[in-house]
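For reference, the structure I am asking about is given below.
Chain IDs A, B, C, D and E follow the sequence of writing; residue 1 opens each chain.
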Amino acid sequence: MSSLHKIGVFVCWCGSNIAATVDVAAVAEAMRAEPNVVYATDYQYMCSEGGQSRIREAIKEYGLTGVVICSCSPRMHEATFRKAAQSAGLNPYMVEIANIREHCSWIHKDRMDATAKAIVLARTALAKLNLNQPLTAGESNVVKRALVIGGGIAGIQSALDIAEAGYEVDIVEKTPTIGGRMAQLDKTFPTLDCAACILTPKMVDAAQNEKITLYTYSEMESVSGFVGNFTAKIRKKARHVNEDLCTGCGLCQEKCPSRKAKNEFNMGLNTRTAIYIPFAQAIPNVPVIDTEQCIHFKTGKCGLCQMNCSAKAIDFEQQDEIIERQYGAIVVATGFRPISLERFDEFGYSQNPDVVTSLEFERIMNAAGPTKGQLVRPSDGKHPHCIVFVQCVGSRDTSGCGKPYCSKICCMYTAKHAMLVREKYPDVEVHVFYIDVRTPGKNFDEFYRRAVEQYDVDYIKGMVGKVSSHGDKLQVQGSDLIADKQIIIDADMVVLAAAIEPDPEVRKIATMLTASIDTNNFLTEAHPKLRPVESPTAGVFLSGVCQGPKDIPETVAQASAAAAKVIGLLAKDKLKRNPCVAHSDEMLCNGCSACEKVCPYGAISYMDKEFRVPGPKRTEIRRIAVVNEAVCQGCGACTVTCPSGAMDLKGFSTKQIMAEVDAICR
Amino acid sequence: MSIEETKKEYKPLIVAFCCNWCSYAGADLAGTSRLSYPADVKIIRVPCSCRVNPLFILRAFQRGADGVIIAGCHPGDCHYTSGNYYARRRMTLLFSMLDYLGIERARTRVEWISAAEGVKFSTTMNEFAKTIHELGENKKLEDLRCKELLK
Amino acid sequence: MQRVIEIIKEKAGKLLADGTVDRVIGWKDGEFFYDPTPAVFSAGELENLRYDSFCGANVSKYLIAETKKEGKILALLKPCDTYSFNELVKEHRVDRDKVYVLGIECRGKADINKIRDLGIKGIESIEELPGDELLVHTIYGDKTCKLNDVLLEKCLCCKSKTHVASDDLALTGEPMPEAPKDRFAMVAKLEMMTPDERFEFWRGELSRCIRCNACRNVCPACSCLKCVFDNDASGVASKANADTFEENMFHIIRAFHVAGRCTDCGECSRVCPQHIPLHLLNRKFIKDINEFYGEYQAGADTTSRGPLTDYTPDDVEPSIVMKRGGDQ
Amino acid sequence: MSNLPNETLIPHIGVVTDVRIDTPDVKTFRVVAPEGGVCFKHIPGQCAMLSIPGVGEAMFSITSSPTNTDFMEFSIKKCGCLTSWLHMMEPGQQITIRGPYGNGFPVESDFKGKDLLFIAGGIGLAPLRSVINYVRHYRSNYGKVDIVYGSRSKDDLVDYNEILNEWCNEEGVNVYLTIDREQEGWDGHVGFVPNYVKELGFDTNKTAIICGPPIMIKFTLAGLQELGFDKTQVFTTMELKMKCGVGKCGRCNIGSKYVCKDGPVFRCDQLDELPNEY
Amino acid sequence: MYQIEKARLGELFARIAASGELILPVENNGTSQYGTWTPEVEVRLDRLNTVRSAKDCFFPQTENLMGFQMKGKEISIIDQRKPCEPFTVFGVRACDAASFGILDRVFLSEPVDTYYQSRRLAGTIVTLACGEPEETCFCSVFGIDAVKPGGDVSCWLTEDTLFWKSLTEKGDALTEKVKDLLTDGDEAALKAYQEKISAIHEKLPLKNLSLEGFNGDATEALFDRPEWAELSEACIGCGTCTFVCPTCQCYDIRDFDTGHGIQRFRCWDSCMYSDFTKMAGGNPRLTQKERFRQRFMHKLVYYPANNDGIYSCVGCGRCVAKCPISMNIVKVIKTLGVKNHE
């Protein structure tokens, strides 16, 4: 016995879809005899206007407190019937559907069997309904501002698109400039257009767009809140250069006596000053002081930059600043880095400067790079005559040293490098070791074939076993799987296509956002096929390589897709929440954190609350779980992990499901 | 008069917990495709396979079910990203425990059935119903009060 | 060599004196030596504190209530008790800052029922002799037995002689006896039986259950404020085993609720008035977890995720149960 | 099994013939036996176990006077699972009923010939209504009757219509109503019951009967003692968890007394002898 | 007075069982439990101190009271009482036999509990004197003579002989049924045996436990004693002591929805449980201290107050042996009693 209700049962014929195999009148009659049922009828098409009006009228006439509709799948018309009930003043969640079409009439041939089952299904729906509570979908406001974490091409593109739609958007970039990895690239495949030429205008657009605020040299401190209402704290690290005063003249950089720092932008292939602008087109075009290198910060002396700065922009006293802002949506675009090759000793990367990664090679080939675009060996500055490219260094690696996945871009950029070398320096012999060449993409295979056929690049199917120094040569030992022989090549340079991995910062960010990450640290999508740019955490979107390896066009496409999702979200004034969410009975909660651990959305947090207790102390503080209803998606994982049963799910409560079980088994 | 009274031969009672996003939709597709399976199978819709509490399964057996099947999205495809992974662990351990107590292991089952697998839904249910039919009535986890008393 | 109780008293005395703690939880005397009771002592009461082969009770669960009180308590924890303690800390049930853990040496604890099973009746008192021997005074005369022959089940399969949580240790430095038994042997034996044999085995055991809830109330993992079985609103409340189904359900669900959290402290079997080998249920889950998801010892630390609040994409499928030992 | 002896645990069927809404959370149910009339006889202050099978069973004081042989009444406040269910009932609903349980008020002994002072708070009027109407029925057997009744608000006064239309109009019966806080449409007394009792200052030759929330009983008793009442002049009725109703299940045990059997009516000096565990 | 060779007990049991269920201590996985006699069971007359007491035979842990059918607004009540078939309980110790008198005062007082009554009327109790008492035994403290165990029939089992003495009409009726198996008893041999076991009982460590200070009037003196706090400190609030106790009789009445109707049943309850007295509005016994105190006050003070000074404890020692934390009535008596025995 649950409680007293006045319930109406409506059995749909669905033309002959149901009525042909289920005796609908018998179902209605059987239901009429059930406790709490005050009205039961059948009708040709419950979903038609006529059917719906019958429901509405019965609700009013009999003062129904709940409605069971025996019809097609709830996935089909649940919403329809809920609306109908609501329009008659009944709470829409006091409607239950018994699926007697897809789960009954369409699959059973025997009229007796089907009718008997339909009655059971109707009773089951009734049993659940008897325990339903009216539910109200809560609403929450949407802050019309987006946050983009990461200022690479993915972040820039997302921000530009969002800003284009008229919403404020902030980019947080941890390095002193936006631009990201793409800024380091020389040419881009398969068109071979110059990366800087296509990227820098976008960077300028971002900087000049009045809807976009750039927080460069800044890091995420914390994020709280939920979809539509995130609160983010951003740490704006002290640049020690006042951005408002600095004119970007570069004089400080010229005067700086500390010139030993490794130039990150050039992958450490050369050095930079302590006060520096990472590269010429950096945005903002404002230098930053590397306090670990700066003589002033190390010894208290020097201060040449300050003395020479006519704009008086140098500020040694500047402190980190914490900026707190509200956002409606967050785009994660934290990008990637090449993996460390320390564990790949066989290639001699750490021993030999002439063994370089593809990204280093990218800088060497770049006109603005450390060699001014001259192809020379890092060790002695000599022109190489033979270059060996090795693909899949750390990609598709099941040994545990590298990454199990394909980094996706290496085949194409290796072909690009090989081609560029051959074009600029036809004297250089180029060999490429590959496992497979993967070129699915527009004009990709053509591009690769051009490298082989037109530029005569020597593609060798096989893996390099060892790279060792022999005088000023690098002896590359590898296998040629097609010729089935071991080969040795004396090379001047070896270029390793290192696997890419998500920027390690993403772990921290994911924790802040309670966005889930996979075993490779890539952020997980809400659905791998159908919601590829959304995180399972509502309001968090994914852009670029943080979600999985991809090239520039794919990154830009995803960035725009994420932006579209953000715009869709920010366009709403209110978010209607799913009322079928978990809730915790604080009188039963043990505060054990089990539910928090299984919640895929981070919807559960804990608070200390004072409770009255027997005894002289009168009160005690207990740790209890609190569900953020705006974040909870209603999966119910927490309900089963909770041993005390404190956690329950509205709309699918433990008691409701058990009542359904009882009704089926009656 | 009742239709139930006319049934004589042993008809097993099977409770199927289907997740809303995949398996329930798979069952809908089986229906739309007119792929039949025995009427002994009765479906309960749950948001996710992770909503299925071992208590529900025991409850079903207590109340006279002869078989219980849980159907969810394929691992990796959970609408809620990870629900079925938890369900998988829970059910593996629970089923193992039931087996350990000597309760027929074929009475419980987990299947991953996507929204597109109407055929799989139907074959799975046919197969399971057949297995349960062969096993016969659930005696080891029954509650006689529910079977006899006051019936 | 100093006896361990002397070391404990000395350390406890100091900690009480210098104000580090204001009370001590340990054991006090019973009627017949074999029946000490867990007790809290304040300064000046330490002479009643005892520690010997019969102090099998795990006092860690009392810390839930004790750490709600003011002040800091010194907990005397045997190695196996520290696992329970860690698990309670992990689940935020015990405030670690309010406990000073003195890890105490344990040579295995005696089971009075096993002494009785040796045919020793009418026990008036017991003395511990050197060499892990027990001298039992009975109304029918004196008897002796070896500690090793009368160990509690949990000590037969002692999981560790080292403390996984402690602020200080009370050890004599004497060599420790080895655990003689494989703790999964009986589970494995049951697994190899036919389902019907297993069913008969468990019916025979569980049908004795009187639902006194001693197993639940003593269990450090069963720390719910209100158990589902006591909660009328839960829909599954049951007070007595009105039916064989309820005998099964209570124990299945209880074992499931502590699965991945049970440290195998063995208190459930120790306190069961009906001598039901409840540890065989918990160990089944532990064995399965170890085999399916990798070795996991609940309570080994205070931070790791329990196996049921964790997963990997390539976990075994439930159908693995169909392929396991014992014929259907 | 007609040859089996009577078993008190096996209830009777009662039919709810009328449901009256008293206050937002109190309803009064009229219950008759299926064949008509009361299910059993009782004396004022006694209780009955009402149950909806499958929902629960609980003890309620019988609100109607035994002089009414047509039906029994129960005024029930909604506070738990069973009472919520009862509150949803409509006429025609059957329930189960067993009793009568408890000692009841000493209407035929201690009260006889005495001036009676009834003091009730909130739903505490329910057990007293039975006595009051009994006393009104056998008016000549008793002296003056004073009734002090208070509630949180006017809307929370149980049986307000009966009080206004019958009790207030009866000779020899004085009714003093009070509510806790000022309220529009209320021109009566405002204030808590214990204070009101002190304000009214009754003669100490009366026998007092108190029922209400524990805190109200405590302060009213203290007030009466200030006025010079002795504890032997004051009666009250208690409420504890009960299952069997006949002093066997062990639940309502206070010291050596069982509230269901030895109570629920106690003289206040008797209460003092009980351990403080209620 | 009769006797029968120990070797022929099987025949005796078979004879008794022929006229109704025979319940006696049997082996159950290393424990001794009251169980139904069949030729296959292993009878454990050497372990009379069964885990559960013989109370179960008359007041089982769960029993169906009645059923309800609900149809619309109507309820019908189904009286499920059935006449109890005659049965015999054999091997009841003196303490357990004494416990029936204590239960009778509760269940057979007005209004009579007919469920208990029908079992009580149908059951014949054959007691057996304890030859090998345990250290936990203290029945003599309550005036129970373990050597003369009472019941409808009293028995004594020596190494080779069972002595049989009928004490009541029921006992005579049972004796009549088995008479041809019995021979006249050797009074001298019985006396010798009684003396032998008396001597053993004299050695029991708890025999001198004094109940001074415990009686029906002791509420005031004992209720607020500070020692309750320490005594109850370690209590885990389980029901072991109450469920193994032969005199505990608290019960709960609960409904079970079978899906076809409502089954109302009663089951043992324990005053040690935290929700025993819990109501929607509060709980008069808020902490374990109050619940612990209630149990012992009831046994040693409240019950005697209502029952001519008879204590509601028979000294069977089950709670002493079974308490998970080894806290028990003996320690309570020693701590709070006037005379503290050592």
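Observations on the structure shown:
Here is the rule we use: a residue touches a chain if its C-beta (ideal position, glycine included) is under 8 Å from a C-beta of that chain, and two chains touch if they have at least 3 such contacts.
Everything quoted here is computed from the prediction, not taken from an experiment.
Note on connectivity: the fewest chain-to-chain touch steps from chain B to chain C number 1. For the pairs A-C and B-E, the count of C-beta pairs in contact is higher at A-C.
Centroid distances from chain E, each centroid being the mean of CA atoms, peak for A. Across the assembly, the mean Cα position most removed from that of chain C is the one of D. Averaged Cα coordinates give chain C a centre that lies 30 Å from the centre of chain E. Per-chain Cα centroids separate chain A from chain B by 35 Å.
Between the Cα centres of chain A and chain D there is a gap of 66 Å. Chain A and chain E, compared by their mean Cα positions, are separated by 68 Å. Each of residues 53-55, 90 in chain D touches at least two other chains.
For chain B, residues touching at least two other chains, in rising order: 54-55, 59, 63-64, 76, 82, 86, 90, 145-146. Residues of chain C in contact with at least two other chains: 228, 236, 242, 308-310, 312-313. Those residues of chain D lying in contact with chain A across their complex are 52-55, 84-85, 88-90. Interface of chain E with chain C (complex): residues 28-31, 33, 51-52, 61-62, 132-135, 200, 203-206, 230, 233-234, 236-240, 242-244, 252, 254, 256, 265, 267-270, 273-275, 320, 322, 324-328, 330-331. If you check the complex, the residues on chain A that touch chain C are 519, 587-594, 597-598, 606, 617, 620, 623, 641, 643-645, 654-655, 658. If you check the complex, the residues on chain D that touch chain E are 1, 4-11, 13, 53-57, 79-80, 90, 92-96, 239-241, 243-244, 246-256, 273-275, 277-278. Within the complex formed with chain A, the residues of chain B that make contact are 2-4, 6-7, 13, 15, 20, 24-25, 27-28, 30-32, 34-37, 39, 42-48, 50-56, 59-60, 63-65, 76-77, 79-83, 86, 90, 122, 146.
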